[in-house]
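In what follows, chain A forms one complex with chain B and a second complex with chain C.
On to the complex of A and B.
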């Protein structure tokens, strides 16, 4: 049976002001599927995610969520539909860890305590800082809080921007493991990364270069592609 | 906003903090005029506490600093005065209607909420000046009294006004306490931290800022109505006073600690009394001394005195540290 498309990005273009960064980009994330967006620094990964979520205006093309055109829907309305976007700065430094978690489900606090317990089960380190300001957390702990906020939100679609940037291999593994928890819950994900560790959780890989899609295929196809392999999986 | 989950905790757990707010204020306002028999100073203190709490909601919690904030105070005062002098309204409904007028005006200003930082601060200042010119215009003398001021001495009752001002000053502090313990307050603080991230959490930052703006302007309008009533007669310059009802209030909030429950109240009580003492003893160099004092405070305690007081209270109550 064919999987239902959760996110469809069709010939999408966006950028900052008059500067166009993303050119005619198309992608599809199906239900229970993870798409890994690879690309070097400056390739346009973050810009594409910000364009999809509505932080940057569309200069062309469309974005569809569960079949509905959401290209010009307000950001907060997209979030209420179940789309969650997370970047490394997606925390409120001057608020406590618990308040940060609360903000992820502020519109629906049903089973808030159970969800918090679940986050602390996945990230026991965070529990120690429950009532402390997030500004006191280390880089790795902040990333845990970002993922913790995603677990609280229980999104219908997760857009995650470079979850491993600046993290040690140990923390990166911890983050991928926590994303596997989300994957087991059936959450469709679009993850932008430079780290190929994340291919563990992805069914599909897409590569961006200078704002254009230069590769799109399955994870195994990406590994077989010579150019992609040498650029992202190491020369061998 | 989901009102089913408005409070973060059981509201009953607010009682200790509420009593810590109410008790000292009640002592100041009940015993104060007996110790220093000048009721008008304590009346002004009550008005400033209301204004500080109102400003704290919009500036302390959402991070938006309206320099022309005093316009709501002035509109509240004029609304009350006009309804009493021209329509012979009773005082209480006139004050409420004046505050509603201030809130209505704030709704007209909501496009300003799309601005941020200095643009927002300056545009609110422009609105303040525009309304000053409207209310003091000679062509509106029959309605507003124009530059000659407006009088409603027929309802003058200093003692009743003082009592109302004290009760409402305490009530405004309780409003801030309730906001701080609600999901609404958490959302406002998150807007202050990162407006974009808040939108991503499914919260319309514009809508929440509008709510904060409305509550804040309503409280300011009430303060204006009470102030006007106490004066019995005022010129436009008395209520459209940028230094007193905007800048001074901003300073009180900053000194106490913006975005906190106790800070603006404590900051107002301390600095207002310092201001009054200085005005009695050094009236010629008052602004210079006060300005220097503020520079020192901002340099050395940028987050206000509330965190320091909280630390001191912790040390006093838990000398071995909290569990």
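On to the complex of A and C.
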């Protein structure tokens, strides 16, 4: 049976002011599927995600969520539809860890305490900072909080921007394991990364270069592609 | 010694009043990153409404609050939508807001002249029954004590709103990380409009008591209140509403003591302190990160 498309990005272009960064990009994330967006620094990964979410205006093309055109829908309304966008700055430093978790589900606080317990089960390190300000967390702990906030939101679609940037391999593994929890819950994800560790959770891979899609295929096809393999999976 | 104590006690009351006078300005800056230069004019309008209610119905100022707060909350909500969202779409909302609210300020001052004339007006102290309140041996006028009590109550309400309600959580989220708040589903216009309404209502509430504790009401004193409020929030920390209290305490003590010991300097020394704070700690006494000037 064919999977239903959750996110469809069709010939999408965006950028900053008059400067166009993303050119005619198309991608599809189906239900229960993870698409890994690979690309070097400056390739346009973050810009593409910001364009999809609505921080940057569309210069062409469209974005559809569950079949509905959301290209010009307000960012907060997209969030209320169940679309969660996370970047490395997705925390509130001057709020406590608990308040940060609460902010992830302000529009649906059902079973808040159970969700918090679940986050602390996945990230026991966070529990001791429950009532402390997030500004006191280390870089790794902040990443845990970012992912913890995603777990709280229980999104219908997750857009995750470079979850491993600045993290040690140990922390990166911890993050991918926690994303597997989301995957097991059936959450469709679009993850931008440079780290191929994330192919563990992805069915599809797309590569961006200078704002254009230069590869799109399955995870195994990406590994077999010589250029991509040498650029991202190591020479061998 | 008695003068020293007198200044100390008076300054406490000044601090309570100045806190509430300036708080709204900081709330608006924190949430919307705009500067409402017409803040003082809203305070003056609140004062005129209280005087009108006292003259027409004999309302004492505390009773007047029941009218002033909802009226100015509504005015704030109504003004927000045509003014603020457009400002925030501009390349430099802070500078644009300076210019726009400068115009609003002068329009309001002109309106006040048309409606109320240019002469000074005040509420009568005898609107309150005399009560004997003694602080450190200094007997306080009832109007001053009520002003301070209402100010402290208003501060407590703002604290409750910001730290104990869901709306307050969203308001703080906007102050800390606007982009993230949007991604979390916060309706920026709705939350900002409410904060703007609160800000105007707070200014007008301070205005109800201003003629007791500071200056008699006239159309031209709005600028003075805007200036004092601006100094207070810069001393405390721009964008941090609760730091307003710290700024108000510093400003009030500088003002209170110079008024007792060197009255000619009372309008100068607080601003010398402001300059010193900007030079030594541009982020304000409670600010965490230096602002770019």
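Going forward, the second predicted complex is superposed on the first by the 236 of 236 C-alpha atoms of A that agree within 3 Å, B and C clash if a C-alpha of one lies under 4 Å from a C-alpha of the other, contacts with A are read in each partner's own complex, and residues count from 1 in each chain.
To be clear about the criterion, a residue touches a chain if its C-beta (ideal position, glycine included) is under 8 Å from a C-beta of that chain, and two chains touch if they have at least 3 such contacts.
Just so you know, these numbers come straight off a predicted model, no measurement behind them.
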Practice prompt. Put chain B and chain C onto chain A via the superposition and say whether they clash or fit.
Written response: clash
Worksheet item: Is A:180 in contact with chain B, with chain C, with both, or with neither (first, second, both, neither)?
Response: neither
Discussion item. By the touch definition at the top of the document, which applies to A:103: first (chain B), second (chain C), both, or neither?
Written reply: both
Discussion item. Touch test for A:76: chain B only (first), chain C only (second), both, or neither?
Written reply: both
Item to complete: For A:95, select first, second, both or neither according to whether it touches chain B, chain C, the two together, or no partner.
Response: both
Worksheet item: Of the two partner chains, chain B (first) and chain C (second), which one does A:227 touch, if any: first, second, both, or neither?
Response: neither
Item to complete: Please write out, lowest number first, the residues of chain A touched by both chain B and chain C across the two complexes.
Response: 53, 55, 74-76, 79-80, 84-86, 89-95, 99, 102-104, 106-107, 153
Response to the item:
The residues of chain B that touch chain A in their complex are 2, 5, 8, 183, 186-187, 189-190, 192-194, 196-205
Item to complete: Give every residue of chain A touching chain B within the complex, in rising order.
Response: 53, 55, 74-76, 79-80, 84-86, 89-95, 99, 102-104, 106-109, 153
Item to complete: Would you mind writing out the residues of chain A in touch with chain C in their complex?
Response: 53, 55, 74-76, 79-80, 84-86, 89-95, 99, 102-104, 106-107, 153
Discussion item. List the residues on chain C that touch chain A in their complex, please.
Written reply: 166, 169-170, 172-173, 176-177, 179-188, 288
